[in-house]
Each structure stands twice: as structure tokens, then as C-alpha cells.
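Please find the structures below.
Consider the two complexes below, in which chain A is the common component and chain B and chain C are the respective partners.
Take a look at the complex of A and B:
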């Protein structure tokens, strides 16, 4: 089956540090570097990594909310691929009807001076879809799908709790009936008991509407629960990509192993034994040579400092960027 | 008060003044903490866990006040038992305790450092307020503390400003500052919530190591049950200002009794239950606001096991399930409240 989105050799580079007010940038930060990825129809693809690894930038670059410096994003629409690069603002607006985003903080992403009805209707109004009655009908329909009651629609965001606000944000993203949604840490600002409600809502909507998600998160257990495949990012690159079960139980990249080992298990008898006992993410503006993970890797060999490993398919559907992927036996999360 | 008890909170009520009303946000909380023990205070936002901990240092925001109750501490440095609840929040008595016998660390380390002073000066300030040391001695202690919390190149870091450190390093520096006067009690308010898992694991390991080295007790405020399982000896689960279950962390996580605790554990996505990835079981609804606090059990509006005519009307008392496990729920106390 053709993928819904094809990403090829994507780079996003930010200029940082300037000499003087009108000066040229003195350094560059490569937030996303050479990423190629297919996102399949109706799948949930998880994107994990530490803060600063470029997850959010990749999500934004796929939608062209952030213009990629190099590389291609193609979106499958009406039996052909649209290259987002070729589109002007008007064209992008059109394609954004099919690609939407849900943000982390539902306290910041909703306009406090608009009623819930206005918030959910806004994408329809902006895109001039339907007349007034048609819009109102649609708003009520998506609001109901997202678990909001009709009598709540006249209220303002401040009257809602975090979980309810996230439902409003999801309803807004769904108003245009998109095929693809990037959700950037959609539950990390919510309380545990509410997180489960929102995660189930995501699943439920996917089943009903055939949605495709890119699910960005730093909470690995959440990712494990909702995603079909997971991509692990480190300093702007994908280091491992495969099905959820495989990534958690038989990881092939040392960084994935390190992430798994740091998850605090709710079972007091399973004490965690974190692999990365020291060290932090290196400065993304000045990434290490060779394999970018070599400064923290416990399996490091001298050649890892020299050559950058490529993302190879070591088994069907299992991609790893590590020189030693085939020879290492790594510990996954405990079952 | 028993000798090995460090802190004992009894029947603590904290109220908030809102539009002339006085609403309780912590109700009848009783806790005790032994020397060298880690107690986790767990609950969702607004449950009163931070406020309870702040009251132990008399650091409550202006609108809040301790209505009644005792906060007794066995002061090792003063060699007597003191009652913190009766102290003036601005008095000299509490100042001797804050930062000295009880120290606190926060979720966001940037808030506990001044951006205008070097890390070293800020550590030395704390040390020199509470200990009689010369400037150079204080500096030595500061370097030693930074070294102990695993900051590489402590002698250099001491002259740096907070913004020059990464998030994880700042967290470590804050821990160094908190521990520099050798407190007997450390209050940690969500110290790892803003960190990545890899760094969180490092900070948790560090805290456990320091805890056994310095022998202090820790009150660990968190909403993450995984963190509780990894570090806590004791746990108190709070809901709407009440402790609804408390006791041995191990026993409660393995065999939770209160429907809220049971639901909370079920709502957490876990790796061990990946097979088939069943839908999570969420807790319906959301936490009621202070104005709508139910009359009886605070959890009654979301509970799936309500006993009619009891839970709505009467607040269940904590009863013992075993020597180290108490729960406030009528399911386990069939006789109570029936006649009233």
C-alpha cells in the first residue's frame, strides 16, 4: 500500500547567534538532519526522544509549518502525491485541510476570548466551508464525537478543565475532517486519570474516521500504548524505527535500550537499572562526530567516532542506525 | 512523640479565603515520617499535596492558612520537639528551620536560583546563614556539595551562573544547595517531572544515594506512580484535600484498596501490558472544584462502587487494613456510619 506521507532527506537548519543587529548568523543548528520516513495510512507512528532531539521540529516540518531547508515531504491526495515544496501559501492552506496539529498545552492553544463553538468553527470559517447552518451542524457533530456536550459549546475555555480543553483542541483539529494529525505531546500536561480518557479518545476517533497520527511524546509508556510503530530520535536523526513491540522488547540501538532502562516501573519489585548513569544530550548546535550517540554509548568502538552509521533495514521493517546493530544483544523493557 | 519519628502531622486543616468564604483545601490530614524514610505524597493537581508540604515549612501562599492541627518535628539540631503549625511564618523561629533542618527542592530549578548571582555565591549564602563558617570554608563546602551531586568540574561551575547549566545539572545544583546544611528533612516537590526519562533516572538514583549517605528523610511529591514504586518507602494518596489511602508503598501499589487508587493504577499505561494493547481504563469525569466538594466521600462523584446512602452522606474515616496500610472507604468498613 502506498504511504500517506513520504519524507525524503529532510533537513531543518536554524541560524543561531548573530554578529550585530543586521549581521549574518554565526552558527547553524541542524534540528532535523537527513530524515527519510514513510507514514502509512491509518497507522499511529510514535516519535520519541529527549528534549532537544528535534521531534517537534520534525512534526512541524512535515506540515511545512516550519519550512524545511532541504528535502521533500509528499502527501498522498486523490491518488497522487503532492509535494508540499511546490505549494504557495494558498496551496498550503488547502492541503492543511487534510493535515492538522494538536498541541501540548491546551491552556495556551485556545483563544480565551472565543466560545468553544467559535473555536471549533474557526477552521471551517477560515476555509470557507459550508454556510452558517452547515458549519454549526458540523461543529456540534465533531464536538459530540470528542465527548463535549452541546450545552457547553457557548462557554469560554476558562470554564473547562485541562482534559476538556484538550477535547476542544482535538475537535478543532477534526472540524475539517483531516486525514492526518500531528499531535505534539497531547497528554503530557494532563493528570494521569485524564490522560487515559484522551488517549482512548484518540484511538476511538482513529477507528471511526480512519485517521493517521504522528504521535510525539517523551513518555515511553504512553507511546507503547497507542502507537503501531515507533521512531526514536537522537540529535535530529532517527536512530531506530520499527513496530512498537519490537522496539520495546528487542531494541537494536543502544540509545533505545538506554531509554527503556530509564522507565520507572509501577511494580516496586522491578527496580530500574538505568544504563545512562551519567551524561546528557550533547549540544545540538555542535553534535559529536561519527555516530552522534558515541559520547554516551556503552558499546562504543573507536570507529564509531569516525563514521556516521546509516539507517539500515536489518530485518523486514526494522531500521537501525548503528555500526554494531547486528552483533549486539540488547536488553529491552521487561515484560 | 516516639523517638524515631521525625515529623508528625496531626489533624491538619488548611483553608483558602475566597470571596469572603473560607474553604478547606486540606482536611484532617495526619501523617508521620520516620528518620531516613522516603514518603511519597501522590495525587492529581489540586489535591493538596503541595500545600501540605509547604505548610511543613510555613511557606503557604498569603491566601492560605493553617486552620487547626499540629505539625510536630523532632528537631535534632535543637534537641527538642517543636510545633511548626504555631510558628509565625515570618518569625525567627521558623527561619532557623527553613533551609537548615528542612530544605526544599522544586520542579523548576530556575525558580530557586537567582539569575543574577553565581551558583557558588548562592550556595555559600545558605551555608553562611546557618553555619558558622568563614567565606573560604563555605566555598570549600559548596564545591564539595556540587561534587557530591555529580556535577563535573565543580570548582569551575561554582563561578558560573544558573543559565549556563543544563536542566539536569541545574537540578543537581539545586539539590546541592538544599543539602548544604545537612537537613534532616528534604521536601521534593515534583523534582523530576520536567526532566527527560534518562535524566530523571539519574536524578532519582542520585537522590537515593544521597538519602542513604546523609540519612535524611524525604517527602517526595509526585503524580507519577512509577516514581513512587522506585523510590518510596511510604505513600499517602490524596484526593481533594483528603488522604484516602496510606501506608507501605509496596503494599499499596501491589494491593490497592481504595477505588481511586485502584483506578489510578489501572489508568497508567504500562509496558508490561502491551499485548494486544487494550484500551486503558480511565477514571470518568474530572476532579470536582472546591465549591462543589461532595458532602461525603470526596471521590463519590467518580467512584464506580458507591454504596447508596452512605458514601454521599458521610466521610469515611481511615481504617487499618494491616499494620502498615490504611484506607478511607466504606467498602472495607461495613459498620461505620450506618447508625448516624
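Take a look at the complex of A and C:
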């Protein structure tokens, strides 16, 4: 089956630091570098990595909320691929009917000066979909799907808790009935008790509406719960990409192994052997040469400093960017 | 945060939380929340009321003041404030307030006119009397005054008179109108300039932003008083009072817009990356809708606070300029113009009541500061 979204050699580069009278940038930060990725229809693709690894930027670049510096994003619509690069502002507004986003912080993503009804209705109103009554009806339908009650719609966001605000944000994203939703850490700002409800809501909606998700997270338990496939990001690059089970059972990249070893175990008697990577995340503005992970890798060989590994398919559907992927035996999260 | 509808709720996912009680705050708009919060700030309410009274009195200056600003009572020049009474020398009460008669006599030694209070004669104060003719706001003619004396050979100067015998109370009302309106127009102009240039800088960023910011830094680096003096001195002497008034206001606004522009720019730069603005973009909103519907409302309250706080600066600047004789000139009366006549030591010693306008300036500035304080607290109604 054709993928819903094809991403090819995507780069996002930010100018940083300013000097001189009119502020010429002194340096550039490559937040996303050379990412190629396919997102299949009706799947949930997880995107994990540390803070600063470029997950959010990648999510926004796919929607062209952030213009990519180089590379392509193609969206499958009516049996042909639309290259988002070719679209002007108007074209983007049209394609955004099919691609939406749920943001991380439900306290920041809802305009405090609009009622819930106005918030959910806005995409319909600005896209001129249906008349007034039709819109109100649709808003109530979507709100109900997301677990909101009709009598709550007249209230302002400040009257709601984090979990319910996130329901409102999801309802807004769904109002236009999109096919694809980027969820940027949608539960990380919520209480743990609420997280499961929202995650289940995401699953329910996917089953009902046939949605495709790009699910950005840094919590691996969340990822294990909702994702079909997982891409691991490190310093703007994808280091491993495969099905969720394989990522957890048999990771092939040392960084994935390190991530898995950091999952806390419920059993207090079981000895935890975190395969900790030493040191901090290197400065993304000045990434290490060769393999970007070599500064923290336990299995580093001299040649890792020189050459940058490609993202190779070592098994069907299992992509790894490591020189030693074939030779290493790594430990998963679950034996 | 008011979390009336929290967690206890949804055990079954997708099933709505049961919520029967609706709190009043849940459906309150932003402005309602701000008002409720502002209401609790007693000093701000006081400041606001004082300013409201000032505005109303000065708007109705022709009607409230018993005299026109240029009318002289030559027999009572340099006259002391005349207190009004309800109880006379014989301890009997009069429902109608009155002032004691004044008798003017030339002092044989100093050869100056001196007035003495004649407690045997009372001049009753009447309300809604017909006296001097005036043209209300330059529009319609009338001669009705809120209070005054029926007998036109008598006079009533509640705050005394100046060197020429002009009624200080009436003049103060007119001056308040001038000074407050300069504040309002100046702040308005500064606001327009600030929001336009700051908005352009913040929304487009890049080169435009740099150019505007450097311009602002340049303007701010010039010492203000010499700049005002130079600009005010450059005004042609033969200009009419109205022209001078408008250009002085413009000069004050030209300086005042810079800090507003910086605030607007900073806010816009921050808001551009806010998630609800990104969400609005994704919803398909046009630039105009994003700016007017999402960005402007969320910092308008801060701008209003800024405006309230910059009000007294403009008023003080006008007062300072006029006091130095470079701002407004007669026949326009402003607080600064009134204080200009209280400049020398002689008038301060002999006629301390000429300093009353200074007191009014202080009260107004303090009232503005209290008001601004309360508004700053109310501007973000979501924090408790």
C-alpha cells in the first residue's frame, strides 16, 4: 500500500545567535537533518528521543508549520501525491484540512478568550464548511466524540482541567475530519491518571475514523501503549525505525538500548542495569563528526568518528543507522 | 485555575464527565474576569473615581465654572480663596451656602489694594444662575452656570484669583481639560505609532525589525528635555493657540511611542510561537484573523495598562514644558500654564493658592498610578 506521507531528505536549519548592526546570524542549528520516512495509512508512528533531538521540529516541518530548509514532504490525497513545497499559503490552508496537530500544552494551545464552542468551530468557520446550524451541529458531534458534554461548550477554557482541555484540543483538530494528525506529546503535560484516558481516546478515534497518527513522545510506556511503529531520533536524525515490539524486545542501535534500559521496572527486587550513556546530549549546533552518537556510545570503534552511518534496512521493516548493527547483540527492555 | 470539572470524572474513556454545577466564572468572558479582579483593588477604584470626577468636571468646565478663564474681577486681583459657609457669625444656620462680602480698600502705606472680609454682609450662592455667556465646547451658546451669585456686582472666587483677578477655580477646570486631553491625544497618537511600528517589527521580523529597533534606540538615546525644548522652540511664534496645542501634543507623542512599540514587538514575537496561534494557522485562519482575533486580544489588556501608566508621563511632560514657558501659552490654560505664573518667589509668598494646580497634578498622577496598578493586576485574570 502506498504510504500516506512520504518524507525525503528533510532538513530544518535555524539561524542562531545574532551579531552586527542588523543582526546577521552567526551560527546555524540543524534541528532536523536528512530525515526520510514513510508514514502508512491508519498506522500510529511513534517518534521518540530526548529533549532537543528535533522531534517537535520534525512534526511541525511535516505540516510545513515550520518551513523545511531542504527536502520534501508529500501527502497522498485523491490518488496523487501533493508536494507541500509547491503550495502557497492558500494551498497550505487547504491541505491542512487533511493534516492537523494536537499540541503538547493544553494550557497554551487554547485561546483563553474564546468559548469551547468557538474554539472547535473555528476551523469550520474559516474554511466555510456548512452554514451556521450545520457548523454548530458538527461541533456538538465532534465534542461528543471526544467526551465533552453539550452544556460545557459555552464555557471558557479556564473552566477546564488539563485532560479536558486536551479533549477540546483534539476536538478542534478533528473538526475538519482530517486523515492525519501530528500529536506532539499530547499527554506529557497531564496527570498520570488522566494520561491513559486521553491515550485511549486517541485509539478509539483512530478505530472509528481511520486516522493516521504521528505520535511524538518521550515516555516509552506511552509509546508502547499506542504505537504500531517507532522511530528513535537522536540529534536531528533517525537512528532506528521498526515495529514497536521489535524496538522493545530487540533494539539494534546502542542508543535505543540505552533508552530501553532507562525504563523503570515495577518489580523492586529486579536489579536494574541501566546502560547509561555517559554525558549530556551534545550541542545540536555543533554535532559530533561521524556517527553523532559516538561520544556517548559504549560500543564505539575508532571508525565511528569518521564515517556517518546510513539508515539501512537490516531486516524487513527494521531500519538502523549504526556501523555495528549487524555484529552487536543488544539488550531490550523486556526479556 | 478553577478546576471544577476535574479528574474524579471519566472512568470510561469517551464518556463525558458528569458536571451539574456551573460556576459563574466558567462562562465569564475575559473582560468580565478582569473587571471582577479589578473591583477588588480598592485603591485602583479610588484612583479611577478621582479621575472620572476630574474628567467629568473638566468636560463641563463652562457650566461648572462660575467664570470664563479670561474674565477679570479687577477689584479682587490677587484675592485669597473665599470659603463658603452654612453658619453665619450669629451661629444661625442657612440652608443656602454663602460667602462673606469683601471690601476693597487701598492701603495708605504700601499703596496696594487690600480686601477685607465684611462679616456683616452675606452673599448667598445660587445654583443654576444666568451669568457670563459662553459657547459650550465651541458648539452651542448658553449662560447657565452650576453655581454663582445673583448680584453681578458681587464675586465668588473659591480658589482665589491670580495677579490679573481671574478666577482660579474656573481656570483650573479649563486647565484640567487641556492637560487631560493632551494626555489622551498624546497617548492615543503614541499608541497608534507604537502599535503600527511595533506590530510591523514584531510580525515580519528580520531586516524590517532591525531597522525599526535601531531607530527606536536612536530616539531613546536623545535626552528628552533638551529635545522637547528644541522642538517646542522651533514652533513659529505666530501660530494660533490651537496649532500650538496640537503640535505640542504631537511632539510629546513622538517621544512616547518608542517604549510602546518595543512592548508590542516583544509580545508579538512571543505570541507568534504560542501554540494557540499555531493552531489558528493550522485551522486555516488568515493573517488578518490571526492578528485581530487571536494575537491582539491577548495583549490588549497589557497595552491598556501600559497606556494608563504612560498617561501621567505625557501630562507631566506638558506641565514641565509649559512651566518653562515653551509649551502652551495664554490664552490656552493648562496645568503648566497656571504653574508658570506661580514661578517667582513673590507670588509664592503672597499668593500660595496659585500652587493649587500643582496639587491637582500630584493627585492626578497618583490616581493614574493607582489605576494602572489595579489594571496590571487585573490584566492577567487567570492567576489567582
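Criterion: the second predicted complex is superposed on the first by the 330 of 335 C-alpha atoms of A that agree within 3 Å, B and C clash if a C-alpha of one lies under 4 Å from a C-alpha of the other, contacts with A are read in each partner's own complex, and residues count from 1 in each chain.
Quick note on the criterion: a residue touches a chain if its C-beta (ideal position, glycine included) is under 8 Å from a C-beta of that chain, and two chains touch if they have at least 3 such contacts.
What you are looking at is a predicted structure, and each value in this text was computed from that prediction instead of being measured.
In the superposed pair of complexes, A:197 makes contact with chain B and with chain C alike. After overlaying the two complexes on the shared chain, residue contacts for A:65 are found with chain C alone; chain B is out of touch. After overlaying the two complexes on the shared chain, residue contacts for A:244 are found with chain B alone; chain C is out of touch. When the two complexes are overlaid on their common chain A, residue A:209 makes contact with neither chain B nor chain C. Touch criterion not met for A:87: it reaches neither chain B nor chain C.
By the touch criterion stated above, A:177 is placed in contact with neither chain B nor chain C. In the overlay built on the shared chain, the residue A:224 is in contact with chain B alone; chain C does not reach it. Contacts of A:161 after superposition on the shared chain: both chain B and chain C are touched. In the superposition on chain A, contact of A:264 is made with chain B only, not with chain C.
In the superposition on chain A, the residues of chain A touched by chain B in one structure and by chain C in the other are 161, 163-164, 191, 193-194, 196-197, 200. Residues of chain A touching chain B in their complex: 50-51, 161, 163-164, 191-197, 199-200, 203, 218-222, 224-226, 244-245, 248-249, 258-259, 261-268, 270-272, 274, 276-278, 280-281, 333-335. Within the complex, the chain A residues that touch chain C are 21-23, 60, 63, 65, 93-94, 96-97, 100-101, 103-105, 108-113, 115, 122-123, 126-127, 144-149, 151-152, 154-156, 158-161, 163-164, 169, 172-173, 176, 191, 193-194, 196-197, 200-201, 204.
Those residues of chain B whose C-beta lies close enough to touch chain A in the complex are 44-45, 150, 166-169, 196-202, 204-205, 223-230, 249-250, 253-254, 263-265, 267-272, 274, 277, 279-284, 286-287.
Of all residues in chain C, only 1-7, 10, 13-17, 19, 22-23, 25-30, 33, 207, 210-211, 214, 274-276, 278-286, 289, 294, 297-298, 382 touch chain A in the complex they form.
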